[in-house]
Amino acid sequence: MGILQNRFDEENVIFTNVDTLLNLGKEHSLWYLLFATACCGIELMQWGASKYDSDRFGMIPRSTPRQADLMIVAGTITLKMASRVKRLYEQMPEPKWVISMGSCANAGGPFCKYSYSVLKGIDKYIPVDVYVPGCPPRPEALIEGVFKLREVIHEERVLRKQGKTPKPRTPIVVEDPHAHDPFARHSGGAKLVKA
Amino acid sequence: MSDAILQANERPRVHTEEMVLSMGPHHPSTHGVLRLEVVTDGEVVVSARPDIGYLHRAIEKIGEYVDYRQFMPYTDRVDYICSMNSNHAYALGVEKLAKISVPLRAELMRVMVAELNRISSHMICIGALAMDMGAYTPFLHGLCHRELVNDIFEDVCGARLTYNYLTIGGVSYDAPPGWIEKCERFVEYLWPKMIEFNDLITGNTIFQERLCRVGVVSPEHAVNWGLVGPNLRGSGVQWDVRKNEPYSIYDRLEFDVPVGDGGDPNGSNPQGELGDSYDRYVVRVKEVFESLKILKQICSMLRENEKLPADHPDRLYQAKLPVRLKVPPGECYVRSENPRGETGYYVISDGTEMPLRLKIRTGSFSALGCFEEVTRGLLIGDVIAVIGSFDIVLPEVDR
Amino acid sequence: MDFNAIVEHLKKRWPGIEAPAVANGDPFAIVPAVDAFEVLKHLKETPELGFDSLMSLVGADNGHELWVIYPLHSLKHLHKFTVKVVLGREKPQVTSVVSLWGMADFFEREAYDLYGIDFKGHPDLRRIMNPPDWEGWPGRKDFEIPPDYHGIPTLRNDQFFADAVETGNKAVAEKEKEAIAKAQEIFKQEQAAAKASGGEGIQA
Amino acid sequence: MYELLSALQGAAAHPAWWMIVLAAFVPVMVIWLVIQGVAGASTYVERKVAADIQRRVGPNQCNVGSFFGAWAKEVIRNGKGAMADAGGRFMAMLFIPLQPIFAMVDKVTAKFAPGILIFLADGIKLIMKEDITPKAADKPLFKVAPVIVLASAFGALATLPYSDRFYIADFNVGLLYIAAIASLETIGILMAGWASNNKWALLGGFRSAAQVVSYELPAGLAILTAILLCGTMSLQDMTVAQLGLGAGWQAGWIWHWNIFSNPFMLILAPVFFLAALAECNRTPFDIPEAESELVAGYHTEYTGMRFAFFFMAEYAMMFVVSGVFAVIFLGGWSTGIGALETWDKWAVNGDPAQGFYWYASLVHLLVFCGKAYLGVLLMMWIRWTIPRFRVDQMMSLCWRKLIPISMTCFTAVGIWVALRPFVVRWAGSEAQWQSCAGYGALAIAVAIGVFLVWFILRPLTPDEQLRRKLIKETSIKAGAGHGFA
């Protein structure tokens, strides 16, 4: 938005409503970076593919970070990879958001305790907006994560100045509806027959 | 004429310079975080050297800290596209060392899920290869078929990707009611879909032109470089661990081992050369049909098995094992046929609950070893084709 | 040829080869490091042995000494053989077999990267998995994880995790209880429904 | 456009000054709107086409209701807030009655065009993105490249004959102008590739230069052939020539279109279409931006609006080449129904004194846009179906196949045209020859039709029957990956 970005400090009928319109545009057109390192990448692909179809929400993959708005860190980030991830993040133009997908990106996942080469949480390196837990998260959980991110975007200030003390980025954790339910994952009643 | 002009005339008129392209670790078609140092002269690749380790998660090292059962989830992550096969290879290794015999029903279930997972893995491979060639749609169609396999797995173990379904000595859960019918319906569904896929992609002229005579590996080189699985068979070497060193119940099943037939006028690849990318691709497509055949047989075997009385030893799905599993000292190398070729586990036990060393030998790692030789002199677009046709999966490479 | 015959065959030329009796798993022959290359070459190039395929190349550490293990297989004769080379922890060195099996290239680099085993004559012996400036041999038993790598902490923050687990546990346990109770109820209902309809079990 | 305006002004001796300003300003705005419309609609249509081919649903969240409705809701909420001033309350009052209207519109649009506002959202977002110029880039070139690319599409759009009276400009060298200005795009792409200081972009730029220079030849030869046949370079005149006005009762019928005029044009049409695909950098010739090889090709380093310029130019260019295809092969704005075209001379242009029939022009406008957009849809269909060529294959296809074919066709059409006077003499008169040719073309068209009917209704072999049956039984409806089981 260039020179108009965060220039106006009054709450005005024009600025508030224009901000809302701009935010609506942003949140309906989240192009994500085609970036997947490990297991979660497959679920990311399934999320973008026919059954879950991320294109419904206007989300299409871009392979160059310059044209992406959203980076979904899908999979384990190793120490060797960490600097590359940061570079990709820096190459993305503002405004940009990050979803940390899966336990590995959140906190190291199953490699947290004994692995010498895994970065224990991508938020140690780049700012994260939404955390989606799971190993790997189901595509439904990722959709929920995107909706949470939309809520964040909806409240952003574009033309108006940020508040005197800008709101700190509070981590948003998507709760996997099936995370604690050992049976809910099974479709239908068939799997209730305990082995 | 002065000397300077003479010299200038002697020099080649067009002065070209080599360019180093860093392909990856973030690149749309390196199938993950592979990095290639590609030295190109214009479009021609002088050398493409793989630089790996961007997904090195030290899984082998973790194996030395957790006990035999706890390591099973990590084998899921070794090759997440075919976790079931990966589980199977590890379970075979430990069972051989600990001399555990697996009940028949467990073996049937294992082969069933392994073959289903082989199909879903090949779906990703052939779809991704088509995507690398510029056709995006087949990839999504492949994923669409894959969703159905995921549904089937979800029914039997509750997970979509990392299953942790096989255990040492059997499988975690028995088949739920209605599951076998579901598998049969899947076979009925996929067979014509694969024929449709063949009509659309395998027979596509552009696709064939892109893959034929590209990335040729001769049979001798394939053996020497340690290519395995479809990559080896694409080079015309008839070697399938399921057939030649049968494990589990593969010796009771009937299936063919498709091999590459490049250059054969009656074969599937008449314009090609033995061991080119198209051969490797065709071997995978044919393997899907073979897996479907196996699935049919297993379904009928499972049905017969269900007729046995409930307390029959063949109907158990798990062997009775002690809670603290101690493996007697010794070492062994066990391999199983995975979608990406044989996965071998070299297990060294020192008699404790944890292994002394676990070495995982995977197909993609050795395929990358010969990558530089194979891609020399190709074009940049061909490098992509060769990566796709080798079906490289990075966690398997880096572990 | 079976394992013992191959060992006998090799012992004629290299009497230093040992084949310890194994009660469990695959048998293997221990070959002195100096002879390793010649033995492997012999194994590959003798027609009646014909080990044209190297199945894997394993570097290992048992706490006292380093091992390099070569499981071999012959596609021609369909027999197997395992060669093990025992090396000391200080300056472990063995001749590279890249000239025999091309596949050994990456596998030897990996063994070098993880165990620091020097493969003499390898064309390009660099780190493969870890970054080039990584210090130490992470595969060895005595490796200690460095606290940070270029400013990135490599160890987890244990206090943070302990808190998370402690605070998370109650909620998780309660939710799980609820879910199980709910699921069992549904299960009972469906069982009853299935019985009422006369079918056995529940349709998927 | 100028003619139209002067017709409005009436018979003034000299155009008034405001007329000149208007004549410069209005066309520009019109083309700009055309570009916006074509690019915006095409992004949506392309996503829907792709979704249908890939068994997906495609965008369906960004409806009128969910976009403007949500906005109206927010505005009303803001207006009722404690902080709101008079303006805010006024806006809220304004939007309260609008809300049910939005909801109503949403109900209608969601039925046949769900997610239609996705292009608006994309546009808003792209405008708002940070504009990054890489530090190492050649800044002036980097900034001017997207403008050049868009300008070439802009310039080309100006000369298309949208209708018999609604058109922006009609040069006597229109086709030459389009061929020239369309290849300006390459310069922009090459500039973008070079200035980005990115190796992927550079490769993309080079590939594009090689590709477009090569494929200009078959495209140019096809255009030349059409010029040879019609004897004019003006796009309007070429369209009029394809009405076949001298042919008595047959005037204006479909078989006067160039594509049916002789067998060589029938061969040439796919050649030109392929070359057009290559000039637009579309699959299977999307080698300059080959996503799986070169990340994003020449626009790898472009962000936000600059990238949007490339994007818009691509769709506008697709429309342009499809429009040119329609003009040189498919009779431009001609409906192909002779009775309609010749009735009371309502459609036949040429003389302003004949009067201005707006309804006729509107029909022609729709017909032309339909024909051109059909080409665009075909391009989209191809894009989502088949793989991409390799660089050398693309070049050999051009130099070994397309250029010889188009050369042969050009020569053959030349001979055809040269022999025509003799044939006409033999036939007796132009009108008789025209009707002869008409009957011949009719026979060919009927033969093709019969063949198509046979092809569709032919008896299937048992194997094919089984295969079709199986595929039909197991086919999954779009977007329902879970249709099975």
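Read from first to last, the chains carry the letters A, B, C and D; within each, the first residue is number 1.
The rule we apply is simple: a contact is a pair of C-beta atoms (placed from the backbone, for glycine too) under 8 Å apart; a residue touches a chain by one contact, two chains touch by 3 or more.
In this text, all values refer to a predicted model and were calculated from it rather than measured experimentally.
Set against one another, A-D and A-C show the most C-beta pairs in contact at A-D. Spacing of chain C relative to chain D, judged by their CA centroids, is 59 angstrom. Centre-to-centre, using mean CA coordinates, chain A is 35 Å away from chain C. The distance from the centre of chain B to the centre of chain D, each centre being the mean of the chain's C-alpha atoms, comes to 44 Å. With touch defined as above, residues shared between interfaces to two or more other chains in chain D number as follows: 50, 54-56, 291, 295, 481-482, 485. Chain B has residues 27-28, 53, 56, 58, 61, 140-141, 144, 147, 151, 155, 176-179, 182 in contact with two or more other chains. Within chain A, residues 49-51, 63, 80, 113, 116-117, 182, 187-188, 190, 193 each touch two or more of the remaining chains.
Contact between chains, as defined at the top, is found for A-B, A-C, A-D, B-C, B-D.
Interface residues of chain D facing chain B in the complex, by the touch rule stated above, are 50, 53-56, 199-200, 203, 207, 283-284, 286-287, 290-295, 384-393, 467, 470-471, 473-474, 476, 481-482, 484-485. Listed in rising order, the residues of chain B touching chain D in the complex are 19, 21, 27-29, 43, 130-137, 140-141, 144, 147-148, 151, 182, 185-186, 188-189, 191-193, 195-196, 200, 204, 206-207, 209-210, 379-382, 384.
Across the interface of their complex, chain A is touched by residues 25-28, 32-33, 53-59, 61-62, 65-66, 73-74, 76-77, 80-81, 124, 139-141, 143-144, 146-147, 150-151, 154-155, 158-162, 172-174, 176-179, 317, 394-395 of chain B. The touching residues of chain D, when paired with chain A in their complex, are 47, 50-51, 54-62, 67, 70-71, 74-75, 78-79, 83-85, 87-88, 90-91, 115, 117-118, 120-132, 291, 295-296, 299-304, 307, 479-482. For chain A in complex with chain B, the touching residues are 34-39, 41-43, 45-46, 49-51, 63, 65, 75-76, 78, 80-81, 84, 88, 110-111, 113-118, 135-136, 138, 182, 185-188, 190-191, 193, 195.
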